[in-house]
Each structure stands twice: as structure tokens, then as C-alpha cells.
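Structure record follows, encoded as C-alpha cells.
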Amino acid sequence: MSESKTADLTSVAMTPRRNSRMGDTLAYWMPKLVLSPTLIIVLVFFYGFILWTGYLSFTNSRMLPSYDFVGWANYVRLFNNERWFVSLRNLAVYSVLFIVICLAIGLSLAILLDQKIRAEGALRTIYLYPMALSFIVTGTVWKWMLNPQVGIEQFVRSLGWETFRFDWLVDPNFSIYTIVVAAVWQSSGFVMALFLAGLRGVDDSIIKAAQIDGASRFMIYTRIIIPSLRPVFFSAFVMLAHIAIKSFDLALALTGGGPGVSSDLPAIFMYQMSFTRNQMGLGAASAMIMLLTVVAILVPYLYSELRTKKHEH
Amino acid sequence: MASLNITNVEKSFGHTHILKGINMDIQDGEFIILVGPSGCGKSTLMNCIAGLEDVTGGQICIEDHDITGVLPKDRDIAMVFQSYALYPNMNVRKNISFALEIRKLPKAEIEREVERVAKLLQIEHLLDRKPGQLSGGQRQRVAMGRALARHPKIYLFDEPLSNLDAKLRVEMRTEIKKLHQRLGTTIVYVTHDQIEAMTLADRIAVMKDGHIQQFGTPQEVYDNPANRFVAGFMGSPSMNFIDTELVNHEGQVCVKLLVMDQLHYLPTPSSERGLLERVGQKVVLGIRPEQITHVIPHYASNPSTFIVKAKIDVIEPTGPDTLVLVKMNEQEVNCRVEPHEAGKPGETMSLMINMSKTVFFDPITGERL
Amino acid sequence: MNTNPNRRYADITGRALLYAALGIMAIYYLLPLALMIVTSFRSMDEIRMGQLIDWPTQLNLDAWRIAWSEAQIGARSERGLQPYFINSMLITLPAVAISTLIGAVNGYVLSFWRFRGSNLFFGLLLFGCFLPFQAILLPHANVLGRMGISGSITGLIFTHVVYGLAFTTLFFRNYYVTLPGELIKAAQLDGAGFWRIFWRIILPLSTPILTVCVIWQFTQVWNDFLFGVTFSDPSSQPVTVGLNNLVNSSTGERRYNVDMAGAIIAALPTLLVYVIAGKYFVRGLTAGSVKG
């Protein structure tokens, strides 16, 4: 995520040569030639498709794309749809909790691990491995553990605590939090790894200077080290946001959006409207809203980050 | 080996003009040094010669062939980089032979060439190592070896010694000089170290803001700087610049110098023509520290020397000499004095000023008068 | 050093608390995996009678056999996760190889052969890292159909390559900008051209970021569910879809041991990759993308 770094200093001479031969001309065009397939992909499969989806959202497409223009009708229907609002609210609750908890656990674990711990390598692997799992696997496991009849609730009760309750999975008011629990379990170790690498990268002489100035361990962390991890916070935030927006499979495997529609997410809503309920126009409209949400969050953040970086250099 | 002619070369990135019309004619076998502060365009000029950057205007010729639009690989130029730019994944032998392989030389010849270069630079025992296993000085040698193996027409050195420690830098400097004397190749060498420039160059080009300020032999540049910038840039410690005024005193063109409340009139050297019509105007007197010394009786009778008494502010021993800081015309002036002749701070000492090598600048434009 | 006994006592309790905290977190992360493994070796009889957490009375491999080759998943004629697993392999390996290679070349151009507009191009591409795939799902399905690769393994490989390029290019580009540009200049003066510089100099230096990119792409593609469920037909479904169908096939009693064995089967390749190469992943990732 380094943008404006040493832009033109390393770049190499590349205007057409006056007395160039065939081979030289090819050499001149080669870099552009090599990038062109990706350029086409980006233009067609990224931006072209976004426009296409946008177009579909203004049509009355159902099972198959139709090109009968219906104006804002799909959006009106969308925002009159109770289920859509539930899924939007769920996404907000889920992303905020997921990102904040992951950052908190990740940073704390990294700081704890940074205290010259024995068996650090093994612990790191243990914290990190859930990242390797598919959300479907994670969902499958947690669905079983959180199931009140056979999972943790039943286990604790069998130990003698008869009134113990842990039935979020089947409680419409709490089902969204089970997704947070499982997602945090899966991703927080990865955030820890990012922070740990960041901590190791902090300039030693700054810490020594602070020690000589008489700063306590706590102060060194809160005033010097953690602020200097700003780029890591940025990277971690971006990656977590990416995961949160994509969490379609976890919710599907863990709660299936239920009970009822209580843990529905926009991604599930979109998928079902588009592919199982034959409401393609509505699905496209919901996809566009998702996209706009992402843009609204990421663009200002990316912009400010890249701009401060430019100033620093 | 070849001559290199640079004519009106310009280079700009958008609206930023880096090179603003560079002209240089370099003879076959000359050792040319480009010096200047960072951002003066010397590295850009180097890249333009190599073909790594295109010029926006002008012409570059090697042996009277226009190579302005030719690709770097076809220019027959070798370059030694500041970071050495050794290929980390190849051992020393491969690093040296890479260019020869690309040019499809026969295997036996490549081997012979590697052996020759390795022997020349005394790196035979390093041939099978990777660059990561070498010290800074060894890497530097390999980088030079890579350039030498190609027998190019022109060598470019881009601050090749600036990553070495002080002692090694002096050693390698001598070695580069020996190498040049032995091979007689055309070299263009960029540095910001003016001692390197003085010791190595046949001719020095001092650059600033995309212009060549002066292009001449080291002694010319040192003794006869074209302007105040060149005068200040070459030499360490830097030349003293004293704001003063030209007056006609007892029939001679003199400068006024106030030292310890005593006003002196020091006659300007007769070689500095054109001062007569500036009498009464403000000028900047340029005088190198070694021209202000303790009193040496043998020289004191010389007509161009004058003795003044000054109060010592600070002394800085350097070993062979001691630098004495005094005030003249209310400005700080460095003097170079024998260590045992230097007094203590606060004391007064007699200083001998040699006016024969002084130079004068316009206070506004900085141009030499 | 300070040998004040009070202070040493405080140090020791501090360390003890530290290890306790780290240990508890380790249990939190390990417990689900341990439960998965243990349960997969229990028989259904034990599970019906017993508890969530219990050791198997004997090592029972029935669940593994059923999950791998016997379970009826959906309406397929072939049984078990095996065909899904093979599909995943057939999709993942080419998709990872192709997207990594293109990403490497893209990164090389964007770092060393910049031209007017190349930074704009990089910016456009970067947005692809955050693209919610829902926004391209419908047109992509349409285009796959028109290309005649809808519902096929080829179609899924193509899809993963296209939408993996943003990340692979980002990885390589951010790694390559940390390499000294003088390397390229030296090679140019030595007479090497675009491809020779790439193959002989840049690619041999790319091991750390190649590792990162391959691990990242491997986990992304292997673990993908959205594309797998949207763009496949029953013969080309990947293992994530297979597992989801296995777990949700509503016939009869829930066989948790089979579910868990299936989950482990689906997770095994990526788990192995992480355990073996995980440290290179973190090391390379932080060298490449976090520092910028």
C-alpha cells in the first residue's frame, strides 16, 4: 500500500527512439503490451461489470436479464423491504464489532507475545492457523459448538450448572453476534501477526531514547510504539473491512441468515434475490448499495492515508 | 575509449527543468568529474549519457556518432552505481560475465575475461561468492570488475565511493586513479565529495541548478573560480567571503578591512583587472583560509602580504594545521595556522594576509569581477 | 542487574500472568480444532450417549470413510466429498499459478517500467481488492455463459484468475518498489532486455513475495464459496460447496462426526500450507505490503 514512493526516480527512459529499429520498437511497447490483458480485465470485468450491474438495477429483470427500464422502482422496493433493513443493520453491527474486537485482540496478543516469550513460534502458529480455514469450515464447527442442544450450553449444564444459557444461535436478538464470535476467532490471529511484525519493525533507538528519558514500559507502549504502528492499523483495517464485506459464506454456514431473517446480511440478501428468488433487478439494486457503501467508507480513508503519506515524504 | 560530446542537453520532467542546456566536450581518455550539491542535475546528466533517461533536447555524441536516441545496451557504456547494483542472486563470476553472455561471447573468452578482471582487481578468491557475502569494499571492486570486463568506450561512475567508510574510500580513490592511469579510459564520475573531485579529475565540471558553473582543471577551479558558488563549493574549509568596499587609497585600488577597531587598506592584486571602475562600490572579497596564516618572517617582506592583529574567537585543531576563527569587518573569517603558532581563544595574535590570490565577486549576482 | 527480592517476585508473578494469558488464548484458538479432530474419530453411538467434549473410546474411522466416499451429498450419483476435493484441486492449482505469474509480471512493469498512466492503472486495479463481488456477480455469470465456460472448471479458474489479479499485482508491485532501481539500470547497460531482466534478475529475487502470493491465492481460491456456489454446476462444485451441502443435507439424524471429518478434509490442504509455510507468509507479507 505504498503509493507515491520515489515515483519517477526509478522509472526508465521510454519515449520512442528517433533512429530505432524493429526490435527497439518492440522493446518500447513491451511493458504496455504486457499490461494490456490486465487492463482489459480491469476495464471490462471490474468497471464494465459494475456499470452493467448498475444498469440491471434499473430494469425489471427477474430470472433472466431484461432490458425494460423501470427507473428507481427496484431501489424503492428495496428500501421498503423490512428484510433489507435488517440485513443492513446486521452488517453495520457485525463489521464494527468484528473490526474493533479483532484489532483489540490482535494488538494485545502481539504486545504479549513481544515480551521475549518462550515457544513464541508455536504460539504464533496456533493463533494464526484459523486464518487458513474456509469460512464454511469455521461456520460448520461453530454451528455445532453453539447449538444449545449438543454444544457448549449442553456441556456446561452436564457439568452441573443446570441453568446455564448460551443459546445465541437460536435467539433472533443475538444470532448476529454468533457470526462475530466465529469471525473474530478466525481472523484475530492474523491481525496479531501483522501487529507483531509491526512491533518488531519499530526503531530500537527510539525506545532506548524513551527509556533514558525515564518513560515507563506502559508509557513507551502507549505513547511511542502504538502510535508508530499507524500504517499497520491501516493495513489491518483494510484487510478486515475486506473480510467483513465478503462474509457471505460464514453467515450462510453458521446461521443461514436465521432464525428467520434475524442474522441476514446484504450479501445473502443479494444472492437469494438474484439466484433463487428470481428478483434479479432487486438483487442488482442491493449489490449497487453494497458497492456504494464500500466506496463511501474506503475512498475517504484511502484518500486521507495516501495524502498524509505524500506529505511525509 | 572514446571522446564524448554533449551539446545543449536539456531534460525536464513536466514543468521541472533539471538540465538547462549542458555543453561539454570530453577528450578521449579524460577523467571528468561532475560535482555539485544534491539536486543540481549531475546524476540526471549521468543517466542521460547512459541512455537510462531520455533527453528533452540537445545531442550526445560518442566518437562523433550521434547516440542521443540509442538504447542503453547499444551505447557501449558501462556504469558503476552508488549502491553497486550487483545482482544478488548471482555469484561474483556471474555478475561479471552476465553482460558478456548477453553479447554471446564464446565461453572460453568470457572465462579469460573474468580471470583478467579478477586479477586486475584482486578479487580472484571471491569469484564464487554471492554479493551478500562480501564487504562493502569487495562489492565495490566487483562492481568495477563488471564494468571493466566489457571494455566499453566510456565508463560512468555514480558516486561509487560514497557508501564506503572513510579509510576505505581513500584507498579506493587511489586505486581508481591508478586504474585510470593504466587503462587510459574515458571516465565520467559523479561525486559530491570535493576532495575526490580535486584528487581524481583531469577536469572538473561544477554544476548547480541544471547549469555547468565552471568546467576546468582542478587547479583552475580552485584558484580561479568563475563565481562565488564555485569558490564556496570547492575547498574545505570553505573560502572566506568578506563584504567590503573598494577604495582608492594612496593611488592603489584597495579594500577596506576593519580588524579589532583598526582600519586596514589592503591593495588588490594587479592581476584582478576591472576593479578600477568599481572603486567606491561594495564588493565581496574572497580569500582562502590558507592565505591568512601566522606571521612567517620569510614571507612577511613580500609586497602582497600584510600583517593585522586580530582577537581569536575559536580555535579548531585539525592535526596538520589549526583553524583560527577571527572577526574581520564584523564577519567570521577562518585562518589556517601552524598548530604551535595558534594562540588561545580570547588572545590576540598577528596574522599575515596574502592578497596575491584573493578574488572578488559582485555582492548581488555573485559573479566574479 | 537489580536483585531486589520484591522486584524479582513481582517479575515472576508478571511472567506467570503473561504465560497464563497466552495459554488461555491458545486454548481458545485450539479448542474448535481439537473438538473437530476428536469428534471425527468418535462413533455416532458415543456421540448420542455422550458429551460435546469427550475422548473417543476407540479410534473409529467410520466418519472419515463416510465423509470421503460414502455420504450422499445432494442428488449426485458419486458419493462423498472426494469428487469435490478433486474439483477444488483442479481449480486451485492452475488458478494460483496463472494469477501469480501475471501478478508478478504486472508488478514488474508497474515498478520498473512506468509510463504515463501506469500509476492511474495501478489505482484502478487496487480498487479491485475491495470490490464486493456481489457487484459483478450477475454480469459475470452472463459473460461466462457467452464464453461457453459456464458451470465448468475452466470457468471457475478463469473467474479466480480475473478477480485474484488485484491482490497478486499489489503484492508484487509493493515488493518490487523496495528493490533498488539501479539493479534494472545496471542490467540494461549490461544489454539485458525486458524479459531477460525479469527472468534472470527480478524473478530469482522474488522468493519471499512468491511465497506470500502463492499462500494467499491458494487459501483464497481453495476456501472460496461464493464463486463456487454461483458459477458451478454439480459436476464442477468445489469442496466448500460440497461440505456445505453435506452439513445441510436434511435427511435423517445429524451426524456430527461425519460433519467434522468433512470439515477437516475441506480444511486440510490450507492447514498444511499454513503450518509448513506460515512463518514465511507473515514475514513476506510484512516485508511487502505493510511497510509501504
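Order as written gives the chain letters A, B and C; numbering starts at 1 within each chain.
As a convention for this text, contacts are C-beta pairs under 8 Å (C-beta built on N, C-alpha and C of every residue); 3 or more make two chains touch, one makes a residue touch a chain.
Heads up on the chains, UniProt names are B = sn-glycerol-3-phosphate import ATP-binding protein UgpC.
Please read these numbers as outputs of a predicted model, since none were measured by experiment.
Taking the CA centroid of chain C as reference, the farthest chain centroid is that of B. The interface with the greater count of contacting C-beta pairs, when B-C is set against A-C, is A-C. As a whole-number value, the distance joining the C-alpha centres of chain B and chain C reads 57 Å.
Distance from the chain A centre to the chain C centre is 14 Å, each centre being the mean of its Cα atoms.
Looking at chain B, residues 47, 51-52, 71-72 sit in touch with two or more other chains.
Listed for chain C are residues 185, 188, 193, each touching two or more other chains. Across the assembly, chain A contributes residues 8, 12, 14, 27 that each touch 2 or more other chains. By the touch rule above, chain C contacts chain A in their complex via residues 18-19, 21-22, 25-26, 28-30, 32-33, 35-36, 51-53, 102, 105-106, 109-115, 118-119, 121, 124-125, 127-140, 142-143, 162-163, 165, 169-170, 174, 177, 181, 184-185, 188, 193-195, 219, 222-226, 230, 240, 243-244, 247-248, 256, 259-260, 262-263, 266-267, 270-271, 273-275, 278-279, 282-283, 285-286, 289-292. Chain contact summary for the complex, chain C toward chain B: residues 180, 182-183, 185-193, 196, 200-201, 204-205. Within the complex formed with chain C, the chain A residues making contact are 1-3, 5-12, 14, 27, 30-32, 34-35, 37-39, 41-42, 45-50, 52-53, 56, 65, 109, 112-113, 115, 117, 121, 123-138, 140-145, 150-152, 154-155, 158, 185, 189, 193-194, 196-198, 201, 231-232, 235, 238, 241-242, 245-246, 248-249, 252-253, 256, 266-267, 270-271, 274-275, 280, 283-284, 286-288, 290-291, 294, 298. Contact residues of chain B toward chain C in the complex are 47, 50-52, 71-73, 75, 77-79, 81-83, 85-89, 98-99, 102-103, 146, 150.
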